[in-house]
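Next, two complexes with chain A in common: one pairs it with chain B, the other with chain C.
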Partner chain A sequence: MNLRQQITQFLTLAYVFSSAFVAWKTLGIVTNSHSPIVVVLSGSMEPAFQRGDILFLWNRDKQQKVGDIVVYEIEGKSIPIVHRVLREHHNSEKQLLLTKGDNNAVDDLSLYAKKQSYLNRKEDLIGTVKGYLPFIGYITILISENIYFKYGLLGLVGLSSVFFE
Partner chain B sequence: MSSELKKTNLNSVNDLRQATDDQLGQVMQQFGYEESFALIDIKLGLGVATVVIAGLLFLVDKKFTFKESYNITVISIVLYGFCSGLLYLLNFLNKNVKYTGYNKKGRKVTIATWTANKFDPIYHISVTFGDRKQRVVTSFEFTKFFDVIGFFNRDKFIELLGNEFEKVDKKSL
Partner chain C sequence: MFNLVTRVQTAGNQALTASMVVTGFVILLTLLQLAQDNVWGISTTSITNIQPTSSIKRSSQYGSVNRKPKENSKIQFDLDADLTPLFNWNTKQVFVYLTAEYPGKSEGSSNKVTYWDKIIKSKDEAKLHYVNQRSKYSVWDVEKSFRGRNATVRLEWNIQPHVGPLIYGSTETTGNFQFLRNE
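Then we have the complex of A and B:
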């Protein structure tokens, strides 16, 4: 076992992680969004999106239109929210948005941070929804919400590495 | 020697090829060639560079927000792309090259080896001798130089390869 062989083995393993990570970051830079692919976690946009749908985001639009579906993040809350633009006000420098979930009775004022009565397009948005895949993201919901599923899946992955090369 | 005492899994064509590739250095020593690691070291260096860049980018990603780290992320991705591109190009130009060596007169030898697929237990080998552009392309069955237990028989392999080299030398005379 010499040093070159050891480095080669290390690299084969490291490439798996590094290439996936760099691909993700590249997608983030291209779309100008820190998480360009998100999974819908709530039913507040039904019937447009169900829990578990995967959304593809784009954050290089200059302005949003009323009716666009946007994903935003509120300071201090780490969960991104997918809702539709209900109202917008803009001048040449900035755009302010009010959003509402299609399936919600009222707009999002109560979801925003204290004393915040609008979203600042430049600051708060993660992206505009440009495409989606139904249901496939449900697996991440299962993993995060169902502990039996999580360990069951881990067990299966472990078993598969024993039986398949 | 210890490396000869290693058993190889006879059911894996890939393992057999790798075990044989590992022996090329010592085999070519018998023909008076000293292995040159320049190409391998450049490739390893580029590989390590890409992993280091990705690792540093991961730390930056943990520590700073997306907007703060935007520029450094762009720079890292460009560097990463450059290194992997170069690596890809090197691998493309030196397809399957497993060994490069020089003898005392400075004559270069390059050896490329491959197997067709994982069900074909045949070792394909292409040996190119430097400036005179002599080339030996041949193939041996693995059974010819691995015994039933999975030990590599170096003397047998040297004999097989030597026979092929002699043919070329005769032709060029």
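Then we have the complex of A and C:
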């Protein structure tokens, strides 16, 4: 294998990664959401969404409707939550939302930050769930939660690059 | 250059393209089917005999801040609805919810709250018949009380498909009630 070939291989790899990155960021701009595709991590919306399902988000609605399934982030908690809007109160400037998981017994008040009694549409939401693909996201859960799978996969990738040049 | 990696890559790409085309077809057919079944025009629903009750709460679980009194509202209602048209081959579940909409204080402000909801998993459960059904939630407003405002009640639904977009709608019938004056 000569240098030229190696550089070509490196460039191809760089091309794959950068185009994936550009596609992701473009989707982010189109949907106005910093995380336009999310994987469900908890069972609080079962049976609608199970762990590993993929959700497509849209964040250009001016207002949410009651019944919308939204993804929100609470300050100081890193994991985004996918729950349904139970109540909405709005005036011309601002909209307040109370959410609840379909599979939970009570609303999300205990999940919000201290002293916070509503979500603020503008500040807290990452997006509204518009579309749905089952199960495919499970691979990311396996990668992030199962070390054997993670290193097994890394090992496979490494081996394949050694053997199939 | 027909080594294993390129073969896997080509097969993977083809599988991806094929599944995207199939998904597209599924979504299109689902929407066509729903339009044909006229799911956005279900008019046989009745929401009657709505009786509001009210109580004053001082717990933060019921919307009270710093133990200040907060009016909570519940209702009882009679409901008849046939949601079987919402079930077809791409319906995983239907989430059905009873909402009340009422005006706010200022111009352009409005509120909508859920009193009752239900997850329907199969066509057999899609005929709803309730008499004197109690609301599931104790509802409070952003204001201290509901001030005897008028509310419009609707039965709304959300279809969760096996694959594709979430679909929303409401039945055509509405009900009305006035919150108790509790000041």
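Following the convention adopted for this analysis, the second predicted complex is superposed on the first by the 148 of 165 C-alpha atoms of A that agree within 3 Å, B and C clash if a C-alpha of one lies under 4 Å from a C-alpha of the other, contacts with A are read in each partner's own complex, and residues count from 1 in each chain.
Methods note: a contact is a pair of C-beta atoms (placed from the backbone, for glycine too) under 8 Å apart; a residue touches a chain by one contact, two chains touch by 3 or more.
Fair warning: this is a prediction, and the values are worked out from it, not measured in the lab.
Once chain A of one complex is fitted onto chain A of the other, the partner contacts of A:K65 are limited to chain C, with no touch recorded for chain B.
Judged by the touch definition given at the top, the superposed model places A:Y148 against neither chain B nor chain C. Within the superposed three-chain model, A:R87 lies in touch with chain C and out of touch with chain B [touch as defined at top]. Within the superposed three-chain model, A:D102 lies in touch with chain C and out of touch with chain B [touch as defined at top]. A simple residue count on chain A separates chain B from chain C, and the partner touching more is C.
By the touch criterion given at the top, residues 22, 37, 40-41, 44, 47-48, 50-51, 53-55, 57-58, 61, 65-66, 70, 73-74, 76-77, 80 of chain B touch chain A in their complex. Only residues 3-5, 23, 60-61, 63, 65, 92-93, 95, 97, 99, 104, 106-114, 117, 119, 121, 137, 139, 141-142, 156, 158, 160-166, 168 of chain C touch chain A when the two sit together in their complex.
Note for the complex: chain A touches chain C at residues 47-48, 65-69, 84, 86-92, 96, 102, 106-107, 109, 117-118, 129-134, 160, 164. Residues 4-5, 7-8, 11, 14-15, 17-19, 21-22, 25-26, 28-29, 33-34 of chain A touch chain B in their complex.
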